[in-house]
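In what follows, chain A forms one complex with chain B and a second complex with chain C.
Right, the complex of A and B next:
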């Protein structure tokens, strides 16, 4: 038994609940010569679901027979690098963030390996293989440049599907060589519809009143921030905790969000050295739980915005932009996050 | 097992006889050098014989060696200045306090024989002695393992030997008096000296190193039953290769067994076991590329926390005494006593250059190195001019100069000024007045001495010289961890904001510019902190102007991150296999980590986690401490151990309670 979010994931392009015309376009792509594509959109919008469904359309059900293995790659500096590869006979899926700063070498190597072996299965619908690269926006510049060469060189045997949250971290040559497909976040109504369908299938006890019934889902959709994955997880967590759902069932936000929201409220209410020390402790904890620093910064900034006077808001946005950039440039995220906190405190003090 | 094999197990240095090897030994380690020492006792019992033989064997060689060092033309005068016990007896009381053997290196010659001659704070010595007494009394509740730790040359071994001799009433034994005091699995019963010392055999044929240690410890145990009245002490100073994780584990196991051994009623308690660890913190190594590699645990630093497992350190039978670097005043006292006892050697040296030298060498906190340097310095100088370095240091003229001549000295002769990490951090955060007249105003209550640009410059230069190359991975995180406490936590938010911004900015610099970044960061910070205006109405939250410094958490954070990431990876693989799609890492971290925890806790049938245990992966965030705790002063900036409990608990726990004190009163 798996989680609802996995269990009720649409398997075919026809079954996908929203962005219907996008699904149709993807389907029509599979009938012609399939290009390299770059699928982008916020987390929890259904990028991966669509990509997997497209692959199924391309190759048939065999793509679902995947094997997961971890490979060890030895870098030129003789360091062992372990990363996970998901593959079927028709496609391969990699996540470059496993590879740290060696992604260029690894990707080049892997792609070459895939591209140089032709499709052996004569029954195969397509003569190319597909490589799916998750989190393509976290690829280093170096790796992206290498990718661009590979795309040209091995195009007869290889198609790339890149998945990214935003295209702004992806270099222009790649953007121009791929078909850009945007998967927008579902609207709250769309989320509510999906939630309702899932609850019905899982026979979740719900309020009989039509208005309340809608409110429950709307609340979850709102709390999920238009992230369908989060919405489904919240739904299941609520059901697991309470056994039934009604309008008063508490919606649990993830723990890290609670912590950051609390921190923002604390900063807004009182500012001192002690508060910085406290903030640092929290930041350390978040970072050591692998919460990405830019997410911390983003969440913190947005919850600060709801807490401070209008006059300070531009300053906070300005600071957030500065330190977000620094986070990208530097390597010690705690420095930048703490500097952001300290600077925000100063800004609030000045304007109050 | 036959006889020849056993003899091979003897440490090789006991077989050393040639003089050249002895010379080499001096340089390597004091304990090895002991092989040609005659204890005070033996001199008194039959002085002529032993002193003669020693002069013959080592003295002559030493003279020739010195000739090589000094200018060939002056070799005859160098001879005459070589101190001799016979011709220059020194004053009587001094002789009794030190191991004034004949023509040996001063390090040996003035090895302390009484507690008053020890270069150690009396309080520390009293602590050691009382602990040891308790152990030797061998009650069933007395500790079994005493760990002495401290940097090299902090008088650990000397203090232990003196304390042991004072307790047992036996004369101070120098380790290699007789071969029997070192370990030989066969002849162990023969030792009558009291201290039973383990020395790692240099080669072994049929047993592993750790088995040899095991043999040694069980021999020591057996020996206790053989001789009831004797007061023995088992000493381990020579560590096996503890950088090899398995060896270290075995070593710890051995110690733990010793601690945990349950003795039948009526059986004699174990002899006290003393472990001496020369701690060293080697900066930088862990940083060189080991960051992203979860397999790598390379770190050449050696600390007690790293060496021993927590079981051992927390065991009720374990006692630990930490030694600090020798305080300058105490080291000076010992050095001056030596100068006093060796008037001949210092005939030609002006008193001002001598005092400059003593001051600079005593700063290092390493008494062993100081004595060696002193001897070498005295012998290589003539008429105030240094033959080797030809550096004029004359009286008066340079004495009060702002570019203190001692600095020049120290770079020539001294063990590099020992600016520990915490010391370096302190210099940046609190400033340092060591080299200026302003230091005289110190001690007047809470008043901070007025720091000048020159002071800051000196402080920063010192730090950069020592720690500049480790700025990125060690120094900067350490300062970052502590800068909030500068000026007793009374800095304004705007100042702290700009300080934090400095860190943030320097972090974005490319690695190639590290040197510059370091320089800029240090100076900028120091300047910001010094020039920051005091906030009116805000009293410093800390009563003293100095606070305990914290060890940077960056590394423990990275370790924990790696651990967490591994769990996430495991999770992804499991669920990926189940549902035919690999989840994104960040989705797993941000959402699945938490919600799967809740769902599987309620519904164990849901396959989320590999082991199916109802829990939130990696523990929930924010569960360790509530924000109220922090705000309610309990864990405020004063006790600053908020995070320690959470992130920092294992490796650096002890370090975080290090106290930083400025200047030379480290001992207090």
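Right, the complex of A and C next:
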């Protein structure tokens, strides 16, 4: 029994619930010469779902028969690294950022290997294979540079689909070689519609009152931050815990959000060096438990906003922007998060 | 005291400027007096005070005790010290009082009781040294006479002019061209200074060696050395480890075979050479060269392995082989090294008896050094000599070398000369991370009157440029800042911001840009500048940086998460961050709730979800471990009863579960830059018919055909895909076999 989010994932472009126009465009792309594409948008917007549906449109149902392979690469420094590949006979899906700074090796070796081989299956619908690159925005510069020539040179045998959250980390030569497709986050209404459809299919007991019915979904949509995946997972968690949904059903925040919200409240109420020491321990805990530092900063900033005087709010946004930038440029995230906490404390102190 | 106000904020330790003129006092006027300096003096730095006191024959200790004559109290003295002073009732004076004391004390400490005693003690010491010198001179004369006689006899016997000339040459060479260090090397344990217990242990061990061997090294003996066939002596350089080893061997009647870092000591060579020695007796117990008496006691052999920590990359396996030899040897082995705690010295644990040599106290070293100085006709006052000994960190060899260099040009040494010399010969000590941090974070480093320049502070960072910033970052929050111009929070904020900026610099240095010329800038941003804000007394213990530990923990959990995501990948479209942020909370509740609520009945439910996502039992643990805060899996686990938990494990292990793929961990062979590990996927979703096997696999196999014997993994064969796993495996193997044939 899969979770609903995976169970009710649309498998055809026609079934995708929102951004209908985009689906139509993707469909028309598959009929003519398919270009390299770069799909970007926030997580939970439906990028991968659309890509998989597009692949199905391109190659037929065989792309759904996927397997996971693991390969070992040796880096120039003779380190052996294992790398997993998801592939069907027509396409291959890789996450080079799994390899950290060695992603170039994967791009160079693996892509070339695929690209230099021609499709031998005469019944295949397309003559090329598709390589889907996940987390393309966290590819290193070197890896992106390795991509550029490959994309042109081997285009008869290979098409790339890059998936990214933002195009800002992707170098211009790549952007110019791809068709950029933005998948915007669904609006709250769109999310509510999907949630309603899923609950209907799962026969979730819901309030009969039309207004309440809407509020339940709207609340979830709001809590999900326009992330459909999150919204569906919340819906299911709520159902699993309570058995039915109504307006008073509590929306369980994820574990890390609870921790960060508490931290924000603590910072706003007690502004002292001792508190910074405690905050450091909590931040370390979050970072080591794989919460991305930029998510920590974002969540922390937004929950701080609800805790402080209106006068301080612009300062906090300013600081958050500064330190978000530093998180990108730097390597030890704790330094920046800690500095952010210290700066916020003094900002609150000054204005109070 | 105009200067008193000028110095501004007072700091503990040596932050005052030495702008005051020190009056010329009578020679040795502070003899027999012990001083304690505490707090900050208005104009004199602690260093300077110490210098003055020592120059005039006094003693400086750090903590007050019953023997303290006088305490010089400055501002901001530690409360515990003041408490102790009150308890002891010692006389306290301030800086002015100290200067007055200096001016008023007569030469040689006047007629005071303490001064009298000190003088007497000193005289006694000098008398002993004089006696020792006389004795040595007499002994040397006697030796010379005996030797001359022997030589004369030999000369007569040989009646060969050539030989005589050679001998004459040799005898003149022995004294004139010898280094002082070997000339004055102790000839008996009488002359040996310091480390008495260590030497005693060594002698005992060697003395009892034969007896211990007879008893099969089973009895521990009174000092625990009886079980060991070898000893390992360790301590800083220049305190007589090698000398002690040789003396002990001589005393116990052993012929020494020495090997040091100048010899190659690899595993093979040690096995060949040393093990050959170990079963032999010495020839020098039976024969002697022409004109020398046969020393019948010298039948036994003792191996001295000097500089064991110098066994380096050239001596592959040397340490291990040496340790192995120590376990079985039939002759005593004495190992000598400087650093016992190095990881590479680990093999000697429990194999050799540890004998620690410590740095000598000045008092222990003084007599012997004085003897040498007198014999060489150098006039050197005891306090000057003390200074030299302290400056070298009690490295006697270095002191002797310094004396010998000095004697070339001059015969009298005064305090300032010894200070300069000590400074010039100073060993460059690399500070440890803790010392760097405590130095940088000390309030005195950044006080207005500090004598440290910016370069000095940057220099501190370079003692250990990898650790210094981390240590500062770890500890900058636990100081009581000395700066008063901002509140504590603002100071910390500035420091934190500077650290954050330093990380950007660090990225430029260690990132792809490799701009190493920015290192001094990084030093300022990561260590000096943050410290400049928060420097002050530590409020807690200095901690070792947590970043390294946290980083490796993050790495470990990230691997778990990646594993998790790669298992669930067939079902999930999100990347690992999405898995962590959104799936994990839902999974946590879905995978624990049934176990908590329904107990054993819930197990099937949980296993079903796990199978759906190809999660293993380990992944279940990972999910629980990855959570944080009050709703994390680790909290939820506590609500599951242990019987249910073990039933869950049992039930999970009893059934077989779908696995998305097999790990390639077993594939050993490699070819070229890449390796395609051909594991059999154990999956229902795999491709239906063989014909459709991806052609890149085909290609790989063809590529590797040349060296098919080497590549074990080929046996696993290419991926055929049938519905049932066992059948598939069989067919794979048979196919691979067919291919081989």
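Things worth noting here:
Keep this in mind: the second predicted complex is superposed on the first by the 352 of 352 C-alpha atoms of A that agree within 3 Å, B and C clash if a C-alpha of one lies under 4 Å from a C-alpha of the other, contacts with A are read in each partner's own complex, and residues count from 1 in each chain.
Keep this in mind: a contact is a pair of C-beta atoms (placed from the backbone, for glycine too) under 8 Å apart; a residue touches a chain by one contact, two chains touch by 3 or more.
Keep in mind that this is a model prediction, so the values were computed, not measured.
On the superposed chain A, the positions of chain B and chain C overlap enough to count as a clash.
When both complexes are overlaid on chain A, the residue A:71 reaches chain C alone and has no touch with chain B. In the superposition on chain A, contact is made by A:141 with chain C only, not with chain B. Once chain A of one complex is fitted onto chain A of the other, the partner contacts of A:236 extend to both chain B and chain C.
In the superposed model, A:332 lies in contact with both chain B and chain C. In the superposed model, A:79 lies in contact with chain B only, and not with chain C. Once the two complexes are laid over each other on the shared chain, residue contacts for A:109 go to chain C alone; chain B is not touched. In the superposition on chain A, A:166 makes contact with neither chain B nor chain C.
In the superposition on chain A, A:89 makes contact with chain C only, not with chain B.
Applying the stated contact rule after C-alpha superposition, one finds that A:342 touches each of chain B and chain C.
Among the listed stretches 116-124, 134-142, 440-448 or 638-646 of chain C, only 440-448 clashes with chain B once the two complexes are superposed. Touched by chain B in one complex and by chain C in the other are residues 1-3, 6, 9, 43-44, 48-49, 52, 64, 66, 68, 70, 80, 84, 86, 95, 98, 134-135, 227, 229-230, 233-234, 236-237, 240-241, 252, 254-256, 258-259, 262, 271-273, 276-277, 280, 284-292, 295, 323, 326, 329-332, 334-336, 338-339, 341-343, 345-346, 349 of chain A.
Within the complex, the chain C residues that touch chain A are 473, 477-478, 488-490, 492-493, 496-497, 499-504, 506-507, 510-512, 546-547, 550, 553-554, 557-558, 561-562, 566, 569-578, 580-586, 588-590, 593, 608-609, 612-613, 626-632, 660-661, 663-665, 667, 670, 673-677, 679, 681, 683, 685-688, 692-696, 699, 719, 721.
Across the complex, chain C is touched by residues 1-3, 6, 9, 43-44, 48-49, 52, 62, 64-74, 80, 82, 84, 86-89, 95, 98, 105, 109-110, 113-114, 117-121, 134-135, 140-142, 227, 229-230, 233-234, 236-237, 240-241, 252, 254-256, 258-259, 262, 271-273, 276-277, 280, 284-292, 295, 323, 326, 329-332, 334-336, 338-339, 341-343, 345-346, 349 of chain A. Listing the residues of chain B that touch chain A in their complex gives 289, 292-293, 295, 476-477, 480, 484, 489-491, 493-494, 496-497, 499-501, 503-505, 507-508, 541, 553-554, 556-557, 560-561, 564-565, 568-569, 572-573, 575-582, 584-587, 589-596, 598-599, 601-603, 605-608, 616, 618, 620-625, 627, 630-631, 636-637, 640, 642-643, 646-647. Taken in their complex, chain A has these residues touching chain B: 1-3, 6-7, 9, 43-44, 48-49, 52, 64, 66, 68, 70, 77, 79-80, 84, 86, 93, 95, 97-98, 100-101, 134-135, 227, 229-230, 233-234, 236-237, 240-241, 252, 254-256, 258-259, 262-263, 266, 271-278, 280-282, 284-292, 295, 323, 326, 329-332, 334-336, 338-339, 341-343, 345-346, 349.
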